[in-house]
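Letters A, B, C and D mark the chains in the order given here, with residues in each chain numbered from 1 onward.
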Amino acid sequence: MTAETQAARVYAGRTAAGSVRMVDLAQPLHPNIPSSPSHPGYKHALLRRHGDAVRVDGTSGANDLLVLGTHTGTHVDALSHISHDGLLHGGIPAADAQGTGRFTAHGVESIDPALLPGVLLDIPRALGLERLEPGFPVGPAELAAAAALLPGGADAIPQGAALLVRTGWAQLWNDPHAFISHDPGVPGPDAAGGAWLAAFEPRFVGSDTTAFEHIPAGEGHARLPVHKLMLVERGVPIIEMLNLETLAGLGAGRFDFLIAPLPLTGATGSPVRPLALLPDLPALPAEETA
Amino acid sequence: MTAETQAARVYAGRTAAGSVRMVDLAQPLHPNIPSSPSHPGYKHALLRRHGDAVRVDGTSGANDLLVLGTHTGTHVDALSHISHDGLLHGGIPAADAQGTGRFTAHGVESIDPALLPGVLLDIPRALGLERLEPGFPVGPAELAAAAALLPGGADAIPQGAALLVRTGWAQLWNDPHAFISHDPGVPGPDAAGGAWLAAFEPRFVGSDTTAFEHIPAGEGHARLPVHKLMLVERGVPIIEMLNLETLAGLGAGRFDFLIAPLPLTGATGSPVRPLALLPDLPALPAEETA
Amino acid sequence: MTAETQAARVYAGRTAAGSVRMVDLAQPLHPNIPSSPSHPGYKHALLRRHGDAVRVDGTSGANDLLVLGTHTGTHVDALSHISHDGLLHGGIPAADAQGTGRFTAHGVESIDPALLPGVLLDIPRALGLERLEPGFPVGPAELAAAAALLPGGADAIPQGAALLVRTGWAQLWNDPHAFISHDPGVPGPDAAGGAWLAAFEPRFVGSDTTAFEHIPAGEGHARLPVHKLMLVERGVPIIEMLNLETLAGLGAGRFDFLIAPLPLTGATGSPVRPLALLPDLPALPAEETA
Amino acid sequence: MTAETQAARVYAGRTAAGSVRMVDLAQPLHPNIPSSPSHPGYKHALLRRHGDAVRVDGTSGANDLLVLGTHTGTHVDALSHISHDGLLHGGIPAADAQGTGRFTAHGVESIDPALLPGVLLDIPRALGLERLEPGFPVGPAELAAAAALLPGGADAIPQGAALLVRTGWAQLWNDPHAFISHDPGVPGPDAAGGAWLAAFEPRFVGSDTTAFEHIPAGEGHARLPVHKLMLVERGVPIIEMLNLETLAGLGAGRFDFLIAPLPLTGATGSPVRPLALLPDLPALPAEETA
């Protein structure tokens, strides 16, 4: 991602209290985006185009039909997404909660809009890499190394924050085969890394890959220990397929994080467009953001 | 809407600069929501439920299939939604822009995430009504009366703001027949009302009805003068099917408005979950918010 | 339906054994067709239109995206559609059969393509009516009166046939509100009528309404005794929303009936285009088919 | 395909004139079927399962939501599918025909249900192969060799028939990667082969591959000369993704062919379940059908 495209992802916001920069953390949606084989992808059709029907006043409307999964593009996993031994978070039997065809507990509409401290744990930067290797496990050592780059280090990570783990994988968004990386695997937090994160009692965790997990070569999604830990045991929603490149380019380790999922009643997730809000510093020179 | 349900729509946000209240301006999405006959509604199915396939580690995943329009539920109209005499905003020929099956100009992804001053023009409050009558035209007089309730009056409405016009129609969300109100019509800004709003050079306009228009009894959507004015002539995206009841109950005329549409490449609109951000005052007594 | 449009629904077929007439028993599918509130309707969008992408050889392709239910338009109900006290036909627990997200027993793909004797029981003709009244129950007396019009009477109805009950309701296809007839009800076989039909051990039963049931005024689909009888107890698939007008206009009580559902693995139904095959008599004069 | 599974695809039909065997020529539809990258695949979700809502009479209904393309699974291409230099068959400007969002000319609903002579041109049998190689062109020589196997040879091919070209590719249906065969190409009629077929003025042509074309290695669908010939120049609908294995196993070169597309108003294709009708000979011994 060049400085130019990065700049296009930073927006100026104006509040009563002053101005802020907003960094877009979502990937664009179009029919060719990477899509997990476990989930529907994204289909978009213009149902009507201009000229199909023209009103008496000369206006014409175009509109769309969308078909997509709730785990498509940048999205949040609701607690209803994963169960263990038949139980959702809090010991709720999944069979009961899903028994009307949508979840009556832990649906994505139960994730309140949130504005809270955000932390970027930039693993490739800590390791001196452009991005992590396929199948690379992000464990406590790598997370601690990334935390050490933050002002105040790991001790300054607040409880109740959104902890975002960068692998650099967002660079591959336009190459779905490489992004999904079925055979060589995908980098991400392993079970010990998940436990390291959970110790901070985060309100959200997230990353820039398909699944917030270490996916070893050849194993696919056969085991999801971090999903189990976060969604079932700790009650922490997971945000996936984030674009963390711009934020990393700005060198922003701490920020205000904003997320407002669509209130899809009883669904297991929602596409989202999360934002990082930063103080409106003077624009950084291009070389610092490249 | 009771004080209790209102309270459920106000969330506490915490930023580096202090804490804020966030008021949810979106309606929940479920299969029985009101839906314009011009647009697809909302379908949601659990594609997999817990127990359909259990992993070796005892976890099980549920996921969803969504089918919806881009003008379904609380949503924003992109400039590509409406043309006049074959032209989109800025004189772009609609035929050229839509010629690949999605819009190459004025698609909803071109609406940047925005944080900007918001203004609530509470028409029923200005008129001493619970909500406006079906087919009631909101003209300059009604808008001016609502503006007079703001601190500083109409003179204090800033340029470049989000101007939200309340009709009270959100109270009917759970009664789709009444909300759509096909035969008796729907309240909303008429052409002169639209011009009054446009004079403030807003960045967004919006309301709590199906279409940001005065829909007279029996006429349906045959004429859309305010859509033409805003989307084609002025380049102002329109937000529809907002829930403005909580915000009105809080008596908030001015606020920070935040909207981040899904970046649906080349689409004519997007479901959204806009928020009003307010200073974190001590909680209001229930009687003030009822 | 005029003689002209009827003629358009009779097609000439040519086999090794001679020529036949084929009568189309399906209603056309388009976005405004009647749709049961219990089921998804029909959405169709051109995903690509000609000119969106032109190949080097000057050709261009258009294609479509369909969203529909399996009980949309003229369709067949598979045995998996209805359970009673948790059991499907043959005592199979529904929970087991549906436990992978599609039916492993009694899915619509288990309905073999069929060519078998067909019988039209033309109730309005027997009663001297154009079509039955809303909410009219079709009982043994009405069925017997219609059977008496057949060559050989009821005694000539073969076992293992497709028994099609005409109410005349297909005349209302282009008026969805009247066709669905939510408040005044819909004509169809009542429980005793269902038992009368079941005594012939049919292989299929069908009709021209939304549900193969007597729907009394104001009751909706609260009770479905004939579905329970046919799908759960007797294992007889039900065909609904047939167009029986052309067939009735030809005065054809006996015919060869052909149905070939789409093999939608594990689904509860399928849209179908059934045909009645008749000997290739000389064309009937228009007055006989009006 | 074993004799056992073949037998499962032959059904007994009973008509007034006697009994027939029906050979199923359609592939089953499920979410993992091969799907052309140019078209939507097949998504199926149980919208309601048994037990989600139980009626007062103890019955419960399950139903489905389908999302699919019209060129998904075994399907027919309508004449509206392909244009050349902006024109559909008969010189109709594509822009005019598609200008309301569905085709007003040459939509798939204009393909009448048909019962007509069918001919199987079994290329691998003529060449002594199990199935053709990837990227193998089927030209006049191969078609003539297959025709020579028919009783009466090519001279006995009637005009106005359905000409079905077998490549053996249906054997790969359960291996989508091999079936689509993106890199090595797909066997099928080349331009000269198409001309050979067109000389018989067929009413339908079809095959068992994704596209009724010779797709050379590495070229994809960049050129579609046989589509242009059949759909644009000759007005002959094309049937694709047929299963011709059972029919070939029965040694049936001539049969009665039946096809009844769904009347999807204005669509460019339809999923179909075509049948070959054969005289009801005594059952063949297993070894003859293996």
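By our rule, a residue touches a chain if its C-beta (ideal position, glycine included) is under 8 Å from a C-beta of that chain, and two chains touch if they have at least 3 such contacts.
Computed from a prediction, not measured in an experiment: that's the story for all the values here.
Using CA-based centroids throughout, the chain positioned farthest away from subunit D is B. In the contact between subunit A and subunit B, the residue numbers used by both copies make up over half of all numbers at that interface. With centres taken as mean Cα positions, subunit D sits 43 Å from subunit A. Rounded to a whole number, the gap between the C-alpha centres of subunit C and subunit D is 25 angstrom. The centroid of the Cα atoms in subunit B and the matching centroid in subunit D are 47 Å apart. Residue positions of subunit C touching 2 or more other chains: 40, 43, 45-47, 49, 51, 65, 67, 101. Chain contacts here are complete: no pair of chains fails to touch. Within the complex formed with subunit A, the subunit D residues making contact are 40, 43, 47-49, 51-53, 67, 99-101.
Residues 11, 13-17, 20, 22, 24, 26-30, 38-40, 44-47, 49-51, 55-71, 73, 80-86, 88, 94-95, 98, 101-103, 109, 112-117, 221-225, 227-228, 232, 254, 256, 258, 260-269, 271, 273-275, 277, 279 of subunit C are the ones that touch subunit D when the two sit in their complex.
Interface residues of subunit A, counted against subunit C in their complex, comprise 43, 45-47, 49, 65, 67.
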